[in-house]
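Got a structure for you, questions after.
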Amino acid sequence: MRPSGRAPDQMRQLEMIPGFSAHAEGSCLVKFGRTHVLVTASVEERLPPWLRGQGKGWVTAEYGMLPRATHTRGNREAAKGKQSGRTQEIQRLIGRSLRAVTDLKLLGERQITLDCDVIQADGGTRTAAISGAWVALRLAIDGIMKANSLEIDPLKGRVAAVSCGFHNGTAVLDLDYDEDSTAETDANFVLLEGGHIAEVQATAEGAAFDEEGLLRMMRLARIGCDEIFAMQHKVTGR
Amino acid sequence: MRPSGRAPDQMRQLEMIPGFSAHAEGSCLVKFGRTHVLVTASVEERLPPWLRGQGKGWVTAEYGMLPRATHTRGNREAAKGKQSGRTQEIQRLIGRSLRAVTDLKLLGERQITLDCDVIQADGGTRTAAISGAWVALRLAIDGIMKANSLEIDPLKGRVAAVSCGFHNGTAVLDLDYDEDSTAETDANFVLLEGGHIAEVQATAEGAAFDEEGLLRMMRLARIGCDEIFAMQHKVTGR
Amino acid sequence: MRPSGRAPDQMRQLEMIPGFSAHAEGSCLVKFGRTHVLVTASVEERLPPWLRGQGKGWVTAEYGMLPRATHTRGNREAAKGKQSGRTQEIQRLIGRSLRAVTDLKLLGERQITLDCDVIQADGGTRTAAISGAWVALRLAIDGIMKANSLEIDPLKGRVAAVSCGFHNGTAVLDLDYDEDSTAETDANFVLLEGGHIAEVQATAEGAAFDEEGLLRMMRLARIGCDEIFAMQHKVTGR
Amino acid sequence: MRPSGRAPDQMRQLEMIPGFSAHAEGSCLVKFGRTHVLVTASVEERLPPWLRGQGKGWVTAEYGMLPRATHTRGNREAAKGKQSGRTQEIQRLIGRSLRAVTDLKLLGERQITLDCDVIQADGGTRTAAISGAWVALRLAIDGIMKANSLEIDPLKGRVAAVSCGFHNGTAVLDLDYDEDSTAETDANFVLLEGGHIAEVQATAEGAAFDEEGLLRMMRLARIGCDEIFAMQHKVTGR
Amino acid sequence: MRPSGRAPDQMRQLEMIPGFSAHAEGSCLVKFGRTHVLVTASVEERLPPWLRGQGKGWVTAEYGMLPRATHTRGNREAAKGKQSGRTQEIQRLIGRSLRAVTDLKLLGERQITLDCDVIQADGGTRTAAISGAWVALRLAIDGIMKANSLEIDPLKGRVAAVSCGFHNGTAVLDLDYDEDSTAETDANFVLLEGGHIAEVQATAEGAAFDEEGLLRMMRLARIGCDEIFAMQHKVTGR
Amino acid sequence: MRPSGRAPDQMRQLEMIPGFSAHAEGSCLVKFGRTHVLVTASVEERLPPWLRGQGKGWVTAEYGMLPRATHTRGNREAAKGKQSGRTQEIQRLIGRSLRAVTDLKLLGERQITLDCDVIQADGGTRTAAISGAWVALRLAIDGIMKANSLEIDPLKGRVAAVSCGFHNGTAVLDLDYDEDSTAETDANFVLLEGGHIAEVQATAEGAAFDEEGLLRMMRLARIGCDEIFAMQHKVTGR
């Protein structure tokens, strides 16, 4: 029995509010149950120096967590003067995941920055961020296309992410904080629509797992991502 | 005529959502029109070393802005590795303002941190933050009192803040970004219920102002703060 | 009775030594009693990148305090690796104050940096710095004009600053450290010659103050600044 | 055909020199072909404050690369003033991998730090580091046991790591730099002796991969790790 | 012929103003010609953690330069966020030099910090700092002794420093900036009264020098330090 | 009697392995007994901005120590976020020493960076680094010359360095850690072939020394450097 009473293959209540932010070219407030992440997509018509003149653009991500998004207050990274290793690891993962579905040449010499800020955390913030970032990116690119700056859509498909794990010996989908903090194994899957894998990160927290366990988690991930793909389609019409 | 069509002494639409955050001991999402600030109050039963053993507590504030809260994306302070002078100036002001209505001896040896994070900015973020921080602080202290840890209320009264300025030669209340960026004078008033002043910061951006101008802005500030005090009362019942 | 025996509207002994530094284009050692601040003005014929090509110049300020300028030694900011919030707040105020009397277009594409270093502190270091910075800036601009690089004087008038406060219930002028550390209210006024206000920052340290209190402090500030204006004129001949 | 002429399931020349460092409690110079990593294990009989008093120890890792370990010189992280996201990601992975085979309670209240410094890089530095770190850790714990400070061996088994990937459409084992920089998929496997998985990190660099691809890489990883396990046994006698 | 017209073995005008600072336990404004350094000695009755409980005290130094102490403005180290290698090298030298004449056991468990801040620079700031620091330290220790906290004088003798070099092929004493920037060799000598050497740092800037050159510079250094010792005695009476 | 049993004028076992690194343009693993330093020379055909357009090149050095190169583990400078004063002092010394034998004009507009990383430390790391850096620099410049990019050799001669000191009252050559940590005087000599001096740094750790002591150490330094010069010649053929 899961602490939340959910079935093993049941996602938390999923919600996506597109266009949440007044200023950003694309944005989405994404909720995986009590995990709430605000993603904004900012389009800049210039690239950082090391990317210029190569006839292609860039998609990157930054991640942050409000100090009291969690049960106990964490120190503000801006006040500490540096981003934690965890923060950097997550924002690198988000950026890679979205680049996996973007044709950077078609995007042209512009940069899109996906800011993923966790307003409230209850496990799975990085997977919520990736899933919502696709919506923000989709809206931002739609805007560029409407402005006639792009003819061919550089977004090749959808990407979504979800966490799976073993909790009390059972493979479960979309772990919340209670499960995550006691899970034997914690895995994050970034999947493309159609079933291909963009990234897998599976870690044994307690006992190591085997091939069979990895495959069972992957099957759950497909179920979860299908639900997310449907929601992404619903809120963007794309 | 103000860009927004408001009367000179008219506040923007004011909204306060208490208890917005699931984890914090007190919280408030405060909206001054399109300026949205999330304030959380975190209670810790221990003090930083330099405050211990003096028989009193501490109230402090931190301030941040999501990178795309503004028209164009700003660099993330955590990534830059330091907080700007503006950020530090604002969070010091918020802390002083809330301490002005808190009896630190009655609070006892505990610290309350008010995290003020700007979700969306349209001018007046610091005044919205102070006004919402009072609600978060009120709720956090109510919680401590209910838990029987405090008998006498350490919160001595309400505090609110609003900006005023001269725009096209007219004194106006609660400037939005359009006004703020072209105002001749910009002033922030932190007022106590009853009319006393906790802090005034008035700066000539273009032409210098005179005593009469300062008094006219102060009269507007009283009007605005009275409206905020009423809203604070409404959402907290205190 | 003030700790120093001064009358409520009496400044400390005021001294300004222009040209104190051998290398700077303009300089002034300013003394408000035992508060000693060395201000140098450095002229650079190039602007920081974000200011170039706009047909105007820039005036900026930096502030520092020698570690043992105070009663007990403070940590050296260079060793700590960052400037405190207080330092940044003060140097921003000094910069704004001097820009309030400078026509940046007339100055042309050059930058003048006012370094204000506190050699000895006894309260009122920021107001002494602003008052002395005007002398350093005046001398630096005189030098540019003499070198025929500027025809029209970009300095529109004088600016001076002084602190006022309520001490033992009495409004007093130019607080020294003994008064400052026990004052109920602490206010800094930056005034232009002629009486207009460039900036007011008034903070209730203990009890809040009212409009009448603010006006009484402002009247004292005018008395103090008139004395400073006279001294500025005496040492620069301008 | 692989650039190195190796068969798809062929590791590079593997070498481990235990006791390479004169001062460390355990050490190993590990070579995966031209990738050379020096790992030292430092035993400290005290824990960082946040780990004290819990009746258990800690194993942690730090990772660094000499500036000219690579084809072109990289900036020295100590000079830049911070560790890159990549560095932090890798050292977190190494630490988790070694903790997966350590019983921290049996270790007792002491900390072992594994410093992994890349002397020369040719792809696969993190997997070489993990594999060599086990040797350094084994030797350090042997030393503690010989000194009679530990009766029961806290090291539960061996751990090794190897990278796999798809290169020109073929699954290959132990990628060198030439392969790594052009691989379609890059995966790092951290395996326990016996076949269980401690960690999998698989990333699509170009085309996404499918479940079958993941399984094929995992099979190669088992082949590679078996060779590493044998070498670990040979050089430690354990 | 020296740019200043001085004889090869002639010091610049030497001046020492003891007790320059109102707050410090000991202080000295030292002038070597146009090089002006303010040294303060701060006594703290507690040691940094790593020095406690060893029955001895510590003498340390920090060095800084006002941004416009030099011909062209240098960046403020506090704003850059770190001290330069040059600054650290100099403050380490000053600390060692003063410890060379202090019996740390006799000093007892207290720390004396010598802050050396260059108000104006014209070559030789580190040697002026060392020479003036002795006066500040002497005064601070006299104060501790007068307060009956110390019976036996922990200051074992005088220390002074001066620079020598080869300029246009001639060995010269106490180089000013004009000489220093064109000297073939630059050497700093830290000498004890009586002729022993605490530290020599000699660097060939252009042509390398030989043993004879080193000895000639050392002879000049003795002449210069004798003059400084006499001045130290005159201003402290010790 | 020296702890190592060496004669006073006897160097430790000297070893230099040229071309140790696969990637660098020049490299040398240098061993002074148990002190092992890896030096790489990296050639870049571009200069830092402040050196461009002056018709000359630059030679610079960076120094680092692996955390467990020493008896007890030191904190990693990259993790601490800054290089220590000692590190900066040493790398500045190495850079100056190599520039003393390089004609920067003949080198042309390119930069050579000498990375000196201490793999194992047993005293004298900076002198080993300088001595090995000459080999790495020699090989790098030979490479540039072979590629026909340089006709005239910009390396004017050899440079080597060795430490000397007084241990138990006797002048000794090439101190190891045991001697270094108890020596009364510690001196580093950087000598040119032919006997001229590039740099001397002599510090009294305990008792001050006199002129005679300095000369005795210098004589030992000549003996040691002659041995190093011979080894440099042997391994480079130059």
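Labels A, B, C, D, E and F are assigned to the chains in the order they are written; within every chain, residues are numbered from 1.
Keep in mind that, in the parts below, a contact is a pair of C-beta atoms (placed from the backbone, for glycine too) under 8 Å apart; a residue touches a chain by one contact, two chains touch by 3 or more.
Chain by chain, the UniProt names read as follows: A, B, C, D, E, F = Ribonuclease PH.
Just so it is clear, the structure is predicted and the values come from calculations on it, not from any experiment.
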Contacts common to chain C (Ribonuclease PH) and chain E (Ribonuclease PH) (chain labels): none
Most widely separated chain from chain D (Ribonuclease PH), with each centre as the mean of CA atoms: C
Repeat of the C-E interface, chosen from B-C, D-F or A-D (over half of contact pairs identical by residue number): D-F
Computed distance of Cα centres, chain F (Ribonuclease PH) from chain E (Ribonuclease PH), in Å: 28
Centroid spacing, where centroids are CA-atom means, of chain C (Ribonuclease PH) and chain F (Ribonuclease PH) in whole angstrom: 50
Between chain C (Ribonuclease PH) and chain D (Ribonuclease PH), centroid-to-centroid distance (C-alpha), Å: 59
Two or more partner chains touched - positions in chain B (Ribonuclease PH): 81-82
Chain contact topology (line, ring, star, complete or other): ring
Chain order around the ring, beginning at chain A (Ribonuclease PH) and proceeding next to chain B (Ribonuclease PH): A, B, C, E, F, D
Of all residues in chain E (Ribonuclease PH), those that touch chain F (Ribonuclease PH) in their complex: 82, 84-86, 88-89, 91-92, 96, 100, 192, 195-204, 207-211, 213-215, 218
Touching residues (chain side chain E (Ribonuclease PH), partner chain C (Ribonuclease PH)) in the complex: 21-24, 27, 34, 38, 40, 42, 44, 62, 64, 66-73, 76-83, 87, 113, 115, 117, 119-120, 122
